[in-house]
Amino acid sequence: MKKIRLILFGVFTLCCLIAWSMPTFAKEKTVAFLSLSDFTGPIAGLAVDIEKACEDYFTYINENGGVDGVKIRYIPIDTRYDVARAISGYKRYRKTNKLLVANAVSTPIGKALEPLFNRDKLVWLVAADGEFVAHPKRGFLWGNCYQDGFSAALDWMAADWKSKGNSGMPTVGYMGWDSAYGRELLRGGKEYAEKIGVNLLKPEYFPTGTMDHSTYLTRLKNANYIWVGGIDPNPTNVIRDAHRLGMTKTIQFVCGYWGPAQYLGVRLHNKALQGTVVTVFTIRGTDAQKHPLIKKMWLKYRKKPINELPGPYGIGLGWALHFEAALRIALKDVGYKKLDGEAMFQAYQKLGGRDITQGIQGICTYGPNERRASKVVRFYQVKGKELVPISGWVKAPDSISLHKF
Amino acid sequence: MVDFMQFAINGILVGGLYALVGVSIVLVFKATQVVSLAHGQLLAFGALFFWIFLDQLNFPVWVALLGTISLAALMGFITERFTIRPLIGESLFTAFLMTFSVFMFLDGFFQLYLSGQSRAYSPFLPEGTFNLSGVIISKGLLSSFTIAMLIFAALFAFFKFTRTGLQMRATSENHILAQSAGIGVKKVFTLIWIISSAVVAIGGIACANVMDIHYPLPYIGIKGLIVAMFGGLESIGGALLAGILLGLIENLSSGYLDGPLGGGVKDAAAYVILLLILIVKPYGLFGLKKIERI
Amino acid sequence: MLNIENVEVIYSDVILVLKGVSLNVPAGKIISLLGANGAGKTTTLKAISGLLHTELGQVTDGSITFDGKPIHKLGPEEIVRKGIVQVLEGRPTFEQLTTEENLLVGASSLKDKSNIKSDLDRIYGYFPRLKELRKRISGYLSGGEKQMQVIGRALMAHPQLMLLDEPSLGLSPLMVDQIFEIIETINVNEKTSMLLVEQNAMVALSISHHGFVMENGRIVMEDTSVSLMQNEDIKEFYLGLSSGGARKNYRDVKHYRRRKRWLA
Amino acid sequence: MRPCGVFDETYEKDIAIVRTRGHWLLLIGSLLFLFILPLFAPYYLLNLTNNIFITVIVVLGLQIVTGCCGQISFGQPAFMAVGAFFSAVLTTKFGISFWIALPLSGIAAGLVGLIGGAPSLRIKGFYLAMGTIAIFYLTMWVITHLHITGGHQGLSVESPSIGSFVFDTDERIYYIILIITIILTFFARNLLRSRVGRVFVAIRDNDLAAEVMGVNTFYYKLLAFFISCFYAGIGGSLFCHWYTVVNSEQYTLIHGLNFIGMIIVGGLGSIPGVFFGVIFLRLLDELVLFGSPFLTELIPKLGIAPAASLGVMVFGLVLIIFLIFQPRGLAHTWEILKTSYRIYPYKN
């Protein structure tokens, strides 16, 4: 017994030493991309796929000699959606050689780390919170912001309502997580609904682990359209419950970019999801499967059939492509030696007006006072077993200016 | 009125599943006095095994079910044998923390297997709905509720009429006395963990049928804990009633209070009621009041 | 039949309770074990029945053999299966179970389930009162009824040796007589050996064949019951029969010296 | 640690915290070390020590109510949140200085804690633990649905400052956290040696017996809850001013379970045990946090999600092994070490 204890203690100390003395891998010219993401927590369902895409593209770049000879070091950290862990993780890696960009997957983490990122003069990426657009600092959004997507969907609903021969404006219900993210969409989205005259019902917020959503749905039964927030498979389950209640026949369900993904919700509960519309800032479904870069990355590094492509894979490629483009600009401007977060920040601001993502997202709009990667969205609908496009790139209305942040 | 019925019926049907999770915790507590968090993971793994058997290996439903139950029982056995057994004689606190550690350990495996993806069963319960004058009852939920009730009936019969059941009831009352009467208490512990894991695995299948196998599935274990406390940690019937009540309270509160209070009432209301009940009846609805002597 | 040799018991690795106890119980006999509180009588019984483990105690030296086979390393349920049943002190019952269920629990160690019905009838034969109470939750029984139930439960296991821990504790004299009468009957009818731990030495010695006296973890005296009853010291300390009449100071001193001699 | 042959001759000596000259040297030495730590420690290590000290404050509170008074509480993160939000609201919305807000937030959390402790009048053991989980959810629900706390969005907070000196880096705020930790540790240590501390232990061991002996158990249970939540509130306030942001999603039930884990790993009822437990679990957590990126760099084939899951697994596994081999906590090992030092030449 004593011996076992001693051995265990030894192993533990050894592990500690290894982890602490972990070298910073300063071999060749490298730059680092830090991703504080959730691999084992509530948003792992989609975050993992996105991170995989990012990792794949960086591997691809490194295998082909890097960006002008500079290799990219990708550091993923599992935060488990916990702010303290994220901060700890960031501080551990903040002195990494040429750390240029940190990515914060989760609204609270982004907010908590904002002052640190700003002080360290880093570029940081964050999901889609309007606050960062309203008060632009050094943070850049992955795509457009949540409320813009919601407003674009409201526009789509109004048009769809008219095209079906109805007069006036539709009644819209809103369902979301009972969290900061769930409420973010209405900070601006609500004002936009008032502006265009859509009748927005009282929003419903549900806890993340809810088994039965019928109470929320029942209260929205008079709506013509229902927007379902939350991260897949949550929206899928909501719509499935609605399907059980027979609501999918009369009500059109619309989701955001965290909504039903091709290989997740759509495949698992295909019948219930028929006709559901998804609003995204990247290409999805059949479009994504046809896209040459996505296809290449997926087949090369994941080695699975293309029809198993997870929906949000394109988002991660978006991060990587933006990073690559900005790195090229920064290297040209200041060279590797002087490369730092500030140079990268300037480079990111110069990305606007170009098609960086090869059509995965719309034309880039990053600029000195603009933090949205693009201002366009695309609508997809579940038809049969596929997620098919029902529109081209549509300009999303700017609803940030309507809300007082 | 139709709304009320709809809320109530869905609440009861979901509550039946909560009850199943709650009773598995009650079983373990009754025999071993250990409050278990590990059951959340046993539940998730039950659901996962069933998915592997049903959708990966394409076994018929009953084979998959048998396979799941035996694997879950094996997991329960291993958990008891290697983590709880060495702690016999230590404080119950420590045992509780052990179940938490087991939860974390298994959570790693669960996340490893899921790897961010979720899974859903290909339909194996009847689909579709009944419509009772406006109130819609899902056949899937109804049949999982029925299964839950059947398991409860089986548990009642087992404890009332079989010799092993009698021995378990005796053990749950007094370990030393049970030993002196020739009951192999350790064997009973193992057996009760096996039964309880099998029950919770079935609960897991039923829950996963409603909410898919994904990240929050193990956290239903906490709901089970509430049910167990609510009904009283020693009472199987209490767990049944408490589970159904919990489902009802959740649905009715979120049905009628979400509007005025601004959302997210579902969890909070259940806890308010739990607190109130504990204050009025400190040992749950049907828990045994321990007579304390100095 | 049961042979204890030089047994040492230590609780939680530090407290030495039995310091080399030796005694033996011949088949079919009643043996009584007397001693003051804390002498180690109950510990001796628990060492035999294997219940020590649950209280962090362990047998560190010596041996306990039953029919020639060592048993001190077995678990309590295996020892019960070998035919040694302990009736615990304070007549604990399974309070939530009915009387009949309590008796059935007693039969847990039996592999053969076919005779259980007749066993029940046999117990009801010894204790007709229990038959009237068979459906009653046993938490509500009176002390004497509980004691009957506890002895009945032990009998269900068909013991060859019963270890009785203070069956008279807290019972009225009438009840004590009744219980001991039944114990004697059982001994005669079933040929069950008994190891009887008692404070009430008078009653214990009256039904037993042989007696041991324990003091501070050691056996200090051993004789047949008849001669023990005649022993001056036993009379003094356990039977409460003082030959010298009124207590005087010098007698106290003498007591002290006698006790001293025992402990040496 | 007292060497062999040193005995107490008076009662004062018997209850003294610092007993020998060696103790004084050790104490002053380690304090000195802690005070000059920022001069040479890397930035990251300071982050860790800050985190550890704040957790120590919170867990000290938990040790008082759970380890010493026997009332299990899972609600500690909620009381942290109360302290954090109270302090945040006071400083941002009312312009009150951090130095006043800090003790006030402790008191506010303590008062909310009284509500948490109220059920202990009737319920005990795991039922009470469940009650505290209920209090946890209710408190968090109220915090997230109030307007003044910023609801789910939380608030941004200023760093504390004296005049123009702003404690805005880890090195600077380290001193605030360190001093408060030392004060609170000393207070807890003294509390447990006092009459109140003995009453707590009496209640833990047998509250009925304590009551019969004339102790107003309910009052003392409430007192224990108040002190414990006061600690949590102070911890929460420090936490929010250190991170300069406060958000309800920082305080989850899993943290509460972890805190309980810390006192068990450290040893129930022992003040040094708190330090052992917090340091052990925090280091383990950090190790797991950095283990996964390390693994992915070492074995790129592994992939990121599996590496992260391995981390969770290792965390659980180490805890399991720890509990099997030392279920009484590190404080127990510490006691054994101390004793063997004390009886050193005479050990058999």
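Quick notes on this one:
Letters A, B, C and D mark the chains in the order given here, with residues in each chain numbered from 1 onward.
FYI, a residue touches a chain if its C-beta (ideal position, glycine included) is under 8 Å from a C-beta of that chain, and two chains touch if they have at least 3 such contacts.
Quick caveat: nothing in here was measured; it's all calculated off a predicted structure.
Closest chain to the protein centre (all Cα atoms averaged), using per-chain Cα means: B. Ranking every chain by how far its Cα centroid lies from the centroid of subunit C, the top place goes to A. Distance between chain centres (mean CA atoms), subunit A to subunit D: 36 Å.
In terms of their C-alpha centroids, the spacing between subunit B and subunit C amounts to 44 Å. In whole angstrom, the spacing between the mean C-alpha positions of subunit C and subunit D is 51. Along subunit D, residues 144, 303, 305, 308-309, 311-312 each make contact with two or more other chains. Counting partner chains per residue, subunit C has no residue touching two or more of them.
Contact of a single residue of subunit A with at least two other chains is seen at positions 39-40, 44, 48, 178. Pairs of chains meeting the touch criterion: A-B, A-D, B-C, B-D.
Partner subunit B is touched in their complex by these residues of subunit D: 72, 119, 122-124, 126-127, 130-131, 133-135, 137-138, 141, 144-145, 206, 208-209, 212, 253, 257, 260-261, 264-265, 268, 303, 305-306, 308-317, 319-320, 323-324, 327-328. Subunit D meets subunit A in the complex at residues 42-44, 47-48, 51, 144, 151-154, 156, 170, 243-245, 247, 249-250, 252, 254, 283, 285-287, 289-294, 296-297, 300, 303-305, 307-309, 311-312, 318, 321, 325-326. Interface residues of subunit B, counted against subunit D in their complex, comprise 35, 37, 83, 86-87, 90-91, 93-94, 96-98, 100-109, 111-112, 115-116, 222, 225-226, 229, 233, 261-265, 267-268, 271-272, 274-275, 278-279, 282-284, 287, 292, 294. By the touch rule above, subunit A contacts subunit D in their complex via residues 1, 4-5, 8, 12, 15-16, 19, 22, 25, 39-40, 44, 48, 51-52, 55, 59, 75-78, 80-85, 87-89, 91-95, 108, 111-112, 114-115, 178-180, 182-183.
Across the complex, subunit C is touched by residues 89, 163, 166-167, 169-170, 173-187, 288 of subunit B.
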